[in-house]
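Next up: some structures, all given as structure tokens.
Presented sequentially are two complexes of chain A, the first with chain B as partner and the second with chain C.
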Partner chain A sequence: MTNLLEVRNLSKKFVTPGGPFRKARAMHAVNDVSFDLAKGRVIGVVGESGCGKSTLARLILRLIEPSAGELRFEGEDLRAKTSSQMRKLRADMQMVFQDPYSAIDPRYTVARAVMEPFVVQGRSPEGSVDKEVASLLTMVGLNAGLASSFPHQISGGQKQRVGIARALALRPSLLVLDEPTASLDVSVQAQIISLLEQLRDDLGLTYLFISHDLSLVRYFCDEILVMYLGRVVEALPDTDLPARHPYTKTLMDSTFTPDPKQRRVIAPLEGEVPSPFNLPPGCAFADRCPYTTAICRTETPILTSGTTHPVACHHPL
Partner chain B sequence: MLEVRDLEVAFGPVAPLSGVSFSLAKGEKLGIVGESGSGKSLTAMSVMGLLPLSGGRITGGSIVFDGQELTTLAESAYRKLRGRRLGLITQNPMTSLDPLQKIGPQVDAVAVLHLSMNASEARTRTVEILGTLRIPEPALICDRYPHQMSGGMKQRIVIAMALAADPDVLVADEPTTALDVTVQAQIIRLLDDLVKERDLALVLITHDMSVVAQTCDKVVVMYAGRAIEYGPVEAIFDAPQHPYTQALINCIPKGLSTDEHLSGISGTVPTVSNYPKGCAFHPRCDRAKNICTSERPAFITYGNNAAACHFAGDDR
Partner chain C sequence: MTSNIGTVARAMTGFGNSAIGSAFGSWLGKIAGGFLVLLVLTAIFAPWITPFDYAAQNLMNSNAAPGWPHLLGTDQFGRDVLSRVIYGARTSLSVSATAIAISISVGMTLGAAAGYFGGFFERAVMTVVDLTWSFPDILIALIFVATIGPGLTSTTFAIAIAYLAQFTRLTRAQIVRLKRETFIEATINLGAKPRHILQYHLLPNAIAPVIVVGMLAIGDGIVLEATLGFFGLGAQPPTPSWGAMMSSGTAQLFLSPWVIIFPGVVVAVTVVAVNLFGDELIRALNIRDRIRGA
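For the complex of A and B:
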């Protein structure tokens, strides 16, 4: 299996400029993230809001410039590319955004929206434009008759399908899906997920799937990266593996199952994600973790492979 | 405590709600589930008497709260109930707080208005309620503005406002939809505890069957403005009688078995202006027969559930 994408020690530090009345502050949105994504695989990235998963998605396409680390796509060093070279490469790596309501220009028709990538790349489709639009819409399960509709005339689920059709227009090999179903009803979410499954099989796509929903990720993905405050705290090469990091365990326990007989007494995680500015030394999860000892507050645990899979914890379960 | 019978609502010529019934006792938790546009929030708004705000009116049925008929109640009398004995938690905590006012005064206002307290009594009460909602340092929080708090914290403030006047019924309209899973678990657990401690009657509106499974005692499943299945939560999940209920349950990934398949529900929820004839679900139903396209199914009781399907009770 060849790696489509290789990420090494990727970091992004945002700095808010200081002024006369406040100090400059730095925030590590993504901190030392490494992983490989093999062709045809689906990696899921899970974590709460603010853990850096969306920043990670944007870093990979270099929509945001990384502060440090390496990015390789099909063996090519992405960070060495100029912005015009990068634009060409992006034809092969596309993104589907979280909010279909704001990802499509409200003044564009559906046809113009799905053809936009061709305009950006200065290319034209092989056949006629109408034919291309029709085939893209059919591919995502939409009626080709919707081509002349405007976004406000179609439902949220249909809009997200348009977003997917647009991402597929240039026949990319990698799709980065940033919470593609978070703003949709559960019934529509299930439709979109089964569409993505089918597209993967038909077109041989590779996905990086960002989500806050662990049960959805376990259902849909082959591998899981769990992020907490910019770092990968656990990398599960198989979705059936039990959690070793206490944070992953909490995420699993917070997920509701649709079965009233398995009603669990949830011991919810107390407290909230600490501010990513001025992180305390040691493990970022230490304040909320039931297993915290002295070492957790002084030394940052690094991601190391134990008996089964990599986990960044001084006291893995 | 609360009894809704055959509720019908109209906005001018369109009737988005036509037939919702349920009853709720003290200490009970009722879930109302369905997709967007199925009439869940409208049901909540009807109970709260907030329909006239958006131009709707109740055209049929009844809502009885503690022996009092609400559908014919004058607005002035409703004002005494709303916020006092009927509490509402709205969907989006980001927009249900006044961004220009500090937290303290926003919560105080409820006790000042409904319990005739003076400012300092109200503040003492506010701090006490924030404390019971496990908000750290409640006295300090009163001096904060909403934008200084996280989404989960804001939702707790909204809950505090709903509880400030000690209501008997709490209506929670998608209280966790905008929140992270860990925060959702905290809020749901909190609501659960409140129902137990204060003997509240809770109406929980959600589109997520797993939230219902983990929280509620009874369930109303809604589709296209009608209740289509109603029963105790175990029965609804064990033996759903309506294909729509089954389909909603199948939308949730269980996450463990690798051979499971998420199917979703094909098609979309019909809009109010073109509800299909007969059973409104028939264009999306894989069990639909001729009768479903012409005759609207009546609500029939089967076992512990009641379902509006021509084939309810058939062996699957």
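For the complex of A and C:
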């Protein structure tokens, strides 16, 4: 099994510019993230809002320039690519966005939106344009008759399908899914998820799936990365494994099960996520963790390496 | 290039079908728009509809009161006021429209580049452009008159520069707002060059408010052209201009008031019509909040 994507020590520090009346402040949106994504696998990245999941997605696609770290895509060093080499490569690595409502130019018809990848990359589809539009729309489960519709004439779920068709038009190998179902109705969410599953099997796609919904990630993905304030705190090689990090445990305990007999007390997390600016030393989760000891406040735990189930905690469960 | 023209044409037809049609929908839009269409037609077909030669003098019949055959009377040289007002429409409309067209093309280019690229370039452009706003319009006109002499060229450049800042700021505001939309990020992620993003996404989405403000600015341009003409800095005799006609009319304000009244009324009615129609367009396009941002 070869790795499609290798991420090593990827970091992004945003610096707010200082001036005569204010100090420059640094924020580590993504801190020292490493993982491998094998061909055909689906990795889920979970974490609450503001933990750096979306920034991570944009760093991998170089939509935001990383501050440090390495990115290898199909064995090639992505960060060494010039911007024109990068533009060509983008055909192989596409993204589906969280908000389908603004992901299509309001002046573009569905047909023009799904054909834009060809225009941008200077390619032409194998058959006629009309045929290609029809086959792309059919592939994502849309009626080919929608081709001449404008975005405001179709539903949110349909828009998201157009977004997926657009991303798949050039047959990429990697698809980054940035909360593709977060702004859709629950019934539509299920349709989009089953469409994505089917497309993965049909086209042999590799997914990086970003979500805040742990139960969805456990259902959809092969492996899980749990992020907290820019760091990966736990990497689960299998979705059935029990949590080793107290944060993952709380996340897992707070998902509901459909069986009413399985009622249990949910222990909500105390406290707030600390400000990502000027983080105190030690574990970022220390203030909210029930197992905190003195060492947690002085030393930042590092993700254990060389194990099958790495965790960044001084007191793993 | 053909696809480029296609985009512009599509943008314009989209704009035309929905907005202009809808602006003509209300009775206010019908009256204001109808007047403007009539005025433009009058200016275009001036040589065929003027009853007299606008420059023909007849000192035997100077300062004649409105009546037959001079419907709006004659001025102190016995020239037909109606013919001069009709030809004045040509001067006013063409000078103002040319100036605003220059202003829009330069302003949109600067504003789009500033908004898209940001950083030091944006600051430099916006500072220079804002500087032009700190000069009174008349002063800008005087600078041109002093360097290239009085006339319609000076007037055109003065109006163009007076409104440059407005279009630059408006376009920049649109681009900065649009740049954050997901579809721009999505298109960058398809591998699009900045040129593609600007030409096929940002500018077509930013053009509607610019056109409407441009329409309103033509009204203001007419007033500025008349002002400069009134001071003798604009159209030079014998070129008929509403401002210059009013200026020459001041000498015999009480003897032959029609010489000053009719051009003044036409300027006022035109400007009101332009503003009313512009308001109807804003309502039709539903872009009131986007225009206020500039």
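The rule is short, and it goes like this: the second predicted complex is superposed on the first by the 313 of 317 C-alpha atoms of A that agree within 3 Å, B and C clash if a C-alpha of one lies under 4 Å from a C-alpha of the other, contacts with A are read in each partner's own complex, and residues count from 1 in each chain.
Everything that follows uses one rule, which is that a residue touches a chain if its C-beta (ideal position, glycine included) is under 8 Å from a C-beta of that chain, and two chains touch if they have at least 3 such contacts.
These numbers were taken from a predicted model, which means no experiment stands behind them.
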{"item": "Three-chain arrangement built on chain A, chain B and chain C clash or fit", "value": "fit"}
{"item": "Chain B versus chain C as contact partner of A:Ser254, first or second or both or neither", "value": "first"}
{"item": "Contacts of A:Phe97 with chain B and chain C, given as first, second, both or neither", "value": "second"}
{"item": "Chain B or chain C, by number of chain A residues touched", "value": "B"}
{"item": "Three-chain overlay, vertex chain A: chain B-chain C angle, C-alpha, nearest 10 degrees", "value": "80"}
{"item": "Which of chain B and chain C A:Leu216 touches, first, second, both or neither", "value": "first"}
{"item": "First (chain B), second (chain C), both or neither touched by A:Arg72", "value": "neither"}
{"item": "Partner chain in contact with A:Lys13 - chain B first, chain C second, else both or neither", "value": "neither"}
{"item": "First (chain B), second (chain C), both or neither touched by A:Val186", "value": "first"}
{"item": "First, second, both or neither for A:His315, with chain B first and chain C second", "value": "neither"}
{"item": "Chain B versus chain C as contact partner of A:Lys81, first or second or both or neither", "value": "neither"}
{"item": "Least C-alpha distance (whole Å) that remains between chain C and chain B when both complexes are overlaid", "value": "18"}
{"item": "Those residues of chain A which chain B touches in one complex and chain C touches in the other", "value": "none"}
{"item": "Chain A-facing residues of chain B, complex", "value": "35-36, 134, 150-153, 180-186, 188-189, 207-211, 213-214, 233-234, 237, 247-256, 258, 260-266, 268"}
{"item": "List of chain A residues in touch with chain B within their complex", "value": "48-49, 155-158, 185-194, 212-216, 218-220, 239-240, 250-251, 253-261, 263-264, 266, 268-270, 272"}
{"item": "For the chain A and chain C complex, residues of the former touching the latter", "value": "61, 63, 86-91, 94-95, 97-99, 102-107, 116-117, 119-121, 163, 166, 170"}
{"item": "Interface residues, chain C side, partner chain A - complex", "value": "11, 14, 181-183, 185-193, 196, 201, 204-205"}
